[in-house]
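What follows is a pair of complexes built around chain A, which joins chain B in one and chain C in the other.
Entry: the complex of A and B
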């Protein structure tokens, strides 16, 4: 079958060494006229160096204010298949685990009611089904709901909370990312489905500082697993690693705080200077393990470049005893998050992320607003400017 | 909040969005702040207003639109 639209620029993208999204779109286009037109419009965007989508508008599922992302073509007559080309976001499972039966059924739904294309997973975490019209929305939603899926977040709301695989698959997890993500998703259903914030708000849960869901850089509230006590060392395994590779060069010299060294054949760690970055544990997992007093750090204010440029999260709570709070269904944490939203509601302006609000009003004002005592550990990054000036005595200086 | 106040509140919210249709886009928080002032004497709380908005949306009397940020709109 001949191509409906000539796509010389997209064809170039198929020539590289890596899998190309163009190949996948072409395969989907064999079964979907919508996706044929989608290829035509994307080609035109590459040629003109500008997107030809009209952003936003009115697209949604009844009763939900979020979960569907509206896209309309600028050239509906030329590309009628993508006159409407919306995406629908389905709340992913915690840790992104699915069985093959569910995936096949979801694929059938995407073929039947959309362009046969998925985005697994969007940076928010959701499963995105691409290329549906408003007329498809209710049926697609109902069929997905029968499989157990609900809609995710979009617009000025709580975006779908997302977590790494955590203890389900990873020995580095310092807390149960899956459980807390699942619990908070349920607790904040209203905020997820009804966009009532100044702008988007993201929460991501990583079991350790390897941060596989990029929480520290991509979420307004990042939960990063950590520990309070000392790294556990197995000196025999350290000796085995020394025989295999240059531990001094690849582990000790790369320690960001230079808090480890050898005394004879034994590895010594000054844990008071360790920032729990995970580098040494990643390199020598048999020899080093995180401590027993596990919990998480909470960072606030990260965001991607939209509107005012990117920000990394700053340390809000150095150590939160998640295991203790989980016994009370995370009551303390939920209260803290609600206080943050109240403050942001009250003092934030339109399209201002919470990190930008804190930068504008100051951390001290924010902390007072949410009822949190300032501490010396609330830093922008390790060993750099605290936002609050402490007297030496308060800061613990001798 | 009495049923009568609730009805008044809902009518006021829908009326405001209708009145400014095509001229101003209200975010939900704008409505909450506006109604808090409007119904202060009747002891209507922020939670009451959020609850009223939720019911209005569930009934399809207003819908959410998106243009950079989310706003309240009349159904098409």
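Entry: the complex of A and C
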């Protein structure tokens, strides 16, 4: 069978060594007329140098306000298969672990009810199935739910939380990223499925400061594993590394606080000056391990540029004893998150992320609102201007 | 029996329990991994406290994949690793093998199927990216096509370890930045250069005027009556072409075939290792869209990568190299022009000025 649409420009992207998304679309199009039309429309975009998707349009699953994103073609007559070409987000597993059995079943669902196309995964973390119509939505959703895969977030809601590979396959993990991600996602199902926020709210869990899920640059609330006590040193393994490479130059000299040095052949660390950046542990994993008092730092406010510019996550809680709180189903943390959402709901405006709200009202106002005290780790340095708003009682007003 | 009694509708079941998909060796050594070693750019081994060894073979993916791709990787997982596999945060597939003997045969099979094994260590990592023209209505460029073109050109850096440190490249097709562009070693960003075109006829029915006004980062949108219709006016002097208004108001399309294109950014970093996380900074303000192969954008990325490869010391990420040699030398070495567009004039612009006498001549 010949191709339904000629795609000379896209065909250029079948060349080269890197795996080709055009070939993937063609493989899907072998079974799906919708994806044949999708190829035709994308070719037209390549020719016209512009997107041919209409803005928005309603699509959804009954009882849910999120999880399905409507997409309609500008040229429904020319490409009837993508008149509706929605995508649906399925909440991924913690750490993106799967087996072949469930992936095959998801592949069948994507063939039967959509265009046989996936994103593994979307930028926030969900499995996305592309190319379904509104009429497909209920069956696709129910079949996925029977496999234990619920929808993810979209719009002004809690976006699907995600986490790094964590203790499942990483020696650097300072807490169980998979478990807390799973627990909190279950705890906040309503916030995930039924948008009621000012704007989106993301949570990501990284087991250490290497931050493999980019939590501190991409999520409103970032959880970064850390420890409070001393780095554990295996001096014999240190000696082995010294034989292999220039430890002084590539490990010690690169320590941001210069808190480690050699005394004879022994490595010494001034842990009181260690900022838990992970560099030395990354370089010498057999010799150095994080301490026993493990937990995590919570950073707040990261976001992409829109609307008032990009923000990096800033320190909110230097050390949260996640192991202790996990014994109570993270009761303290869930309370803190609820307090934040209440404050954001009360004082935030439409399309204002929580980081933008904090920038607008000031960190101290936010801390008072959610019941936390300011601490020095929240700032890079104390203020350098004298415009201090003393409160009346401290100035001894008479 | 009535239909609704036969089958109860399932909702709010939440994510699947990940424990079901952890291999026996992972379950046994959960939280008990001692260290890992990178064997080659496609393979690493994690060694548990008890000596168990788990081999990981990493394979690139275009993220946009067919159900046939999914079945391919399932076949491989069944053949070599008991059906267990995972994905990485950068869209790679990872096969988790308990038997070292399966590593090379798996890699051979993947190669036969045309898949790319690599992406571990001091390499160009798989490019995190967005939907582009394939599935997005706000895109200023395609995503998958640019990514494919860049990865074809940099392929050797994915499969061989030739760089001073890892290089993470990201692509986002508009300023919404669904891709992790803001903090990547090299970032490619879809960029508009013209204000939105207002469809006054449709605006009154499609858009909420207050939220449209609130969407603008530069307060460039004002309410205005056009004839007898409520609409808005855009101050084109102050509009920065971000497209935020279009996201909330479909009657303000901003995509423009002639004027949309790409910008290139460098020096973002997510990890806290050594230095604090940083945002990517502007290098090339604009490159026109050149489908299907985006030659100029690909060349710009390659120029940056090769300059970094030549100039950086072992272990230095792109931003660490640039901060050591200085931005002026970075522009000199790479040959990119520093223009008025490189000087920040937005909210935190003041923080980016040089408050010192330091200069390199």
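Note that the second predicted complex is superposed on the first by the 372 of 398 C-alpha atoms of A that agree within 3 Å, B and C clash if a C-alpha of one lies under 4 Å from a C-alpha of the other, contacts with A are read in each partner's own complex, and residues count from 1 in each chain.
We take it that contacts are C-beta pairs under 8 Å (C-beta built on N, C-alpha and C of every residue); 3 or more make two chains touch, one makes a residue touch a chain.
Because the structure is a prediction, the values reported are computed rather than measured.
Enquirer: Quick one: classify A:379 as touching chain B (first), chain C (second), both or neither.
Expert: Neither chain B nor chain C is touched by A:379.
Enquirer: Report for A:147: first if it touches chain B alone, second if chain C alone, otherwise both or neither.
Expert: Touch partner of A:147: chain C, not chain B.
Enquirer: Examine A:196 and indicate which partner it touches, taking first as chain B and second as chain C; both and neither are also allowed.
Expert: Touch status of A:196: first partner only.
Enquirer: On chain A, which partner's contacts cover more residues, chain B's or chain C's?
Expert: Looking at chain B versus chain C, the one contacting more residues of chain A is C.
Enquirer: Touching A:157 in the superposition: chain B (first), chain C (second), both, neither?
Expert: first
Enquirer: What is the contact status of A:63 with respect to chain B (first) and chain C (second): first, second, both, or neither?
Expert: both
Enquirer: Does chain B (first) or chain C (second) touch A:350, or do both, or does neither?
Expert: both
Enquirer: Residue by residue on chain A, keep only those touching chain B in one complex and chain C in the other, then list them.
Expert: Residues 55-56, 63, 190, 350-351 of chain A touch both chain B and chain C.
Enquirer: Can you list the chain B residues touching chain A in their complex?
Expert: 27-29, 32, 50, 53-54, 57-58, 60, 63-70, 73, 76
Enquirer: For chain A, which residues count as touching chain C in their complex?
Expert: Residues 9-10, 12-13, 15-22, 24-25, 27-28, 30-31, 38, 42, 45-46, 48-56, 63-64, 71, 85, 87, 91-104, 106-108, 110-111, 116-123, 130, 142, 145-150, 162, 164-165, 167-171, 173, 176, 178, 182, 185-186, 189-190, 193, 209-214, 216-218, 224, 250, 254-256, 275-279, 282-283, 285-286, 304-310, 312, 349-351 of chain A touch chain C in their complex.
Enquirer: Any idea which chain A residues touch chain B in the complex?
Expert: Spelled out, the residues of chain A in touch with chain B are 55-58, 60, 62-63, 65-66, 69-70, 154-157, 190, 194-199, 345, 350-351.
Enquirer: Which bits of chain C are touching chain A when the two form their complex?
Expert: 9-18, 20-22, 26, 30-31, 33-36, 46, 54, 56, 60-71, 73-75, 77-78, 83-89, 91, 93, 96, 114-116, 128, 130-139, 142, 144-145, 147-149, 151-152, 155, 158, 175-183, 211, 214-217, 242, 244, 246-248, 250, 253, 255-258, 260, 268, 270-275, 277, 279, 289, 291-293, 314-315, 346-348
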